Amino acid sequence: MSEDGLTHLDSDGRPQMVDVSGKDVSARTATAEGVVRMAAETRRLALGGSSKKGDAITTSILAGIMAAKRTAELIPLCHPLPLSRVNVDITPCEDGLRVAAEVRTSGQTGVEMEALTAVSVACLTLYDMLKAVQKDMEIFSIRLLSKSGGVSGDYSASPAEDSA
Amino acid sequence: MSEDGLTHLDSDGRPQMVDVSGKDVSARTATAEGVVRMAAETRRLALGGSSKKGDAITTSILAGIMAAKRTAELIPLCHPLPLSRVNVDITPCEDGLRVAAEVRTSGQTGVEMEALTAVSVACLTLYDMLKAVQKDMEIFSIRLLSKSGGVSGDYSASPAEDSA
Amino acid sequence: MSEDGLTHLDSDGRPQMVDVSGKDVSARTATAEGVVRMAAETRRLALGGSSKKGDAITTSILAGIMAAKRTAELIPLCHPLPLSRVNVDITPCEDGLRVAAEVRTSGQTGVEMEALTAVSVACLTLYDMLKAVQKDMEIFSIRLLSKSGGVSGDYSASPAEDSA
Amino acid sequence: MSEDGLTHLDSDGRPQMVDVSGKDVSARTATAEGVVRMAAETRRLALGGSSKKGDAITTSILAGIMAAKRTAELIPLCHPLPLSRVNVDITPCEDGLRVAAEVRTSGQTGVEMEALTAVSVACLTLYDMLKAVQKDMEIFSIRLLSKSGGVSGDYSASPAEDSA
Amino acid sequence: MSEDGLTHLDSDGRPQMVDVSGKDVSARTATAEGVVRMAAETRRLALGGSSKKGDAITTSILAGIMAAKRTAELIPLCHPLPLSRVNVDITPCEDGLRVAAEVRTSGQTGVEMEALTAVSVACLTLYDMLKAVQKDMEIFSIRLLSKSGGVSGDYSASPAEDSA
Amino acid sequence: MSEDGLTHLDSDGRPQMVDVSGKDVSARTATAEGVVRMAAETRRLALGGSSKKGDAITTSILAGIMAAKRTAELIPLCHPLPLSRVNVDITPCEDGLRVAAEVRTSGQTGVEMEALTAVSVACLTLYDMLKAVQKDMEIFSIRLLSKSGGVSGDYSASPAEDSA
């Protein structure tokens, strides 16, 4: 590990996939969230006035779940991990739509990146589904909410103010 | 196309990959940006005090470029497109690091999603490279800056206030 | 090309990706269908009694669309093709659920395999979504319905008897 | 889990990747089969009169094996699983060619979808390899033959009548 | 473009996917080769004494063809390209087995990397198929044989001495 | 297993993914190396005279690490494996640049192919990064250096003479 705490770089500053072979296999969970800011009218369309119009939401949930499974392909130094659960929720919030993800594994390293990737791709898919009606939507406040399991200890952030 | 302008849903609200076969092949460009908010000390580590420590930046640039090429795998209703250029820049800004991407194609549909995907995955990779030193970084303000080419006309947003 | 008409094998019987570089780029369409045979009660659950329960259908439609885009990764000797439209429909039929797909491209080779792959993966996903309630469902009668465009001429099959 | 037994949908009908973290890791096996119906002459070409012409069969076997490894990418709510064995056999039957697959894992969830995916993609590849000589081939009777391991108990179907 | 001719790095030395949008679409071909050095007995097993034992060769040919289609996923700064032909041949040579690949496209950039990737992955697969009988095989002399099409002119290397 | 020791072929010579379900999970390591032969001037450009010009090296290291994670997608009969460490080094040698990789897992089968794949793709990426200045570079001497763990015993090769 490099002196300065950047574990993904070796002592020469070159990228490496760090050795987790000495770590215990343990249950690990991470949750993350993000918000897509949009006009009230865009949000109304996304949520749908009639029974079937919720498919923009379902499509984005699925995109987030599938992306979580591909995290190690997207993030260069992530370890490939079996995932025992991925859940993505999309709910209305004051600014638009809030995406939340929970990922669980039983493995040697945590699943923060899987949770953040699920949120990011679900947000991108919401943008894609809705961009025909509004181009200036903004994805903001993607962040880790909590992680548990593993040696480095649990972590918990306070809920985002703007997604209440 | 559905009545309400959600082109990715058909008249029953079911998802579809819209027909672009009647559109002209034309030169298209899109630019997008995002910011990873972090402590000044984290940013200093990312940028590196010595010559080789910039690899966190290089790794994130590459992750963004490679993700742009896989946009159609990640975003369910995106059309697969050949890309003629992908450029990702990461520069310091007041809040942390700003990621900007430019994507070009010669095709029948635009590359907004490719630019936004490049930015998102580069931001996620920055988070991954730096999370050992700071867990409460936040990815915010991912948005489309401009698009040109195609029938729907050009689009241009003002630069983000907080990434100056 | 081998003497016996198996274009994917060379004169020694070895697999090859055939040369389409001399073919014209033209508009091409293919349609295919398949049926997942299931109990009436399983079909009722899939279609949903209430507004939101149609998500098994939406999930399978999306899986089919996304699989069409990955046909060249799955079928060893398929040419990679840009797709200008993918549409997947799932409707009730006498035996269970009928999946139909339409794929369009502007390219040098046809999209039969893309349409058949979309149908197959949508059928597999229906099976996955419903297998907790019925394990002896059967995917049957996956077949090409029509193709148009290209030198080899148009092709049209009669609708399957059992999916009326 | 939803009331109606559709485990891949939550109580709101939204798709989810179900939590298997509480399940034991155990040895699991699944077998599946499918048939590609074709003319006798097409089957003769596929099987090859001379030593090297069996490559259509080998290509389809490999496509099935490789697809099994990508099941979790194709089927949206499947868990990624390490696979300890994948075997695909293609043999002549009365109607054409019969594809059978056996998949084993040591994991927290079963491999039915992996076996069915291997069969489906091997059938699609047979179609692709042979479509230059016959377009009206039909993939039919893809079904689970057996599964063992896991809490839900073993399952065994009778061999398909039409693939004798 | 950087001053020193490294086109994949910008003037700051950062990686970029170069802009080919101004280039003409033209027919392009590239050929490459490589050799897997092995004991005569290993080569004999690979080639097979009986009719069906050539499947190690067929498997490696298919792996090479499929890898060519995924070049842009593997090589970070490669442009995604439609391929109009991929051919891989494996023949005995003095030192073991020689792999040759030919790739064609109609595009804005060349297919050298696709040909080299096809050769490399076919060589790796030969190693994998044969490693149970010989671990000290060596992949050597992977190189570009020729390229044609495009502005930079044609290129032709002499055949490798050691693969005669 | 076939009589002749080709474990990836069954008794009929057909490819199979061998059953490792009876093997113990154990710590396994493999190392491999390869050399890209190039002119001294090309090597000088790759290594960079100024601080930022090392990005050709960093890009190739990342490509190798990412490829190791995708080995089971590229090599048809490889088992998918979780990887607990991937390290790729690129150093100057007499003939050009030497690439070395080390891969670790805790699994039921070895990681030779992952190490060889990391080396191969890093070599290909070096070629891609540098081909604008030299087209007749040659990838040679890719080979397994060592493996440990598993029933078949440890293996160790002597360092390549030409990469000193």
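Each chain carries a letter (A, B, C, D, E and F) given by its place in the written order, and its residues are counted from 1.
Basically, a contact is a pair of C-beta atoms (placed from the backbone, for glycine too) under 8 Å apart; a residue touches a chain by one contact, two chains touch by 3 or more.
This one's a predicted model, so the numbers in the text were calculated from it and none came from an experiment.
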Could you tell me which chains are in contact with chain C and with chain E alike?
-> B, D
Please state, in steps, how far chain D lies from chain B along the shortest route of touching chains.
-> 2
How would the chain B/chain E interface be labelled, same or different, where same requires over half of its residue numbers to be shared?
-> different
Which chain has its C-alpha centroid at the greatest distance from the C-alpha centroid of chain E?
-> A
Taking each chain's centre as the mean of its Cα atoms, which chain lies farthest from chain B?
-> D
Note: chain C sits from chain A at a C-alpha centroid distance in Å of 31
Gap in Å, rounded to a whole number, between the CA centres of chain B and chain A | 16
In chain D, the residues touching two or more other chains are 14-15, 52, 54-55, 58-59, 62, 66, 70, 73, 76-77, 82
Inter-chain touch pairs (all) = A-B, A-C, A-D, A-F, B-C, B-E, B-F, C-D, C-E, D-E, D-F, E-F
Chain F residues touching chain A - in the complex, by the definition given at the top = 27, 57-58, 61-62, 65-66, 69-70, 82-89, 104-106
Enumerate the contact residues on chain F facing chain B in the complex.
-> 51-52, 54-55, 58-59, 62, 66
What residues of chain D sit close enough to touch chain A in their complex?
-> 10, 14-21, 72-73, 76-77, 79-82, 107-108
Using the touch rule from the top, collect the residues of chain F that touch chain E in their complex.
-> 4-9, 12-15, 34, 45, 48, 50, 52-56, 59, 62-63, 66-67, 70, 73-78, 112-113, 116-117, 120-121, 123-125, 127-133, 135-144, 147, 155, 157
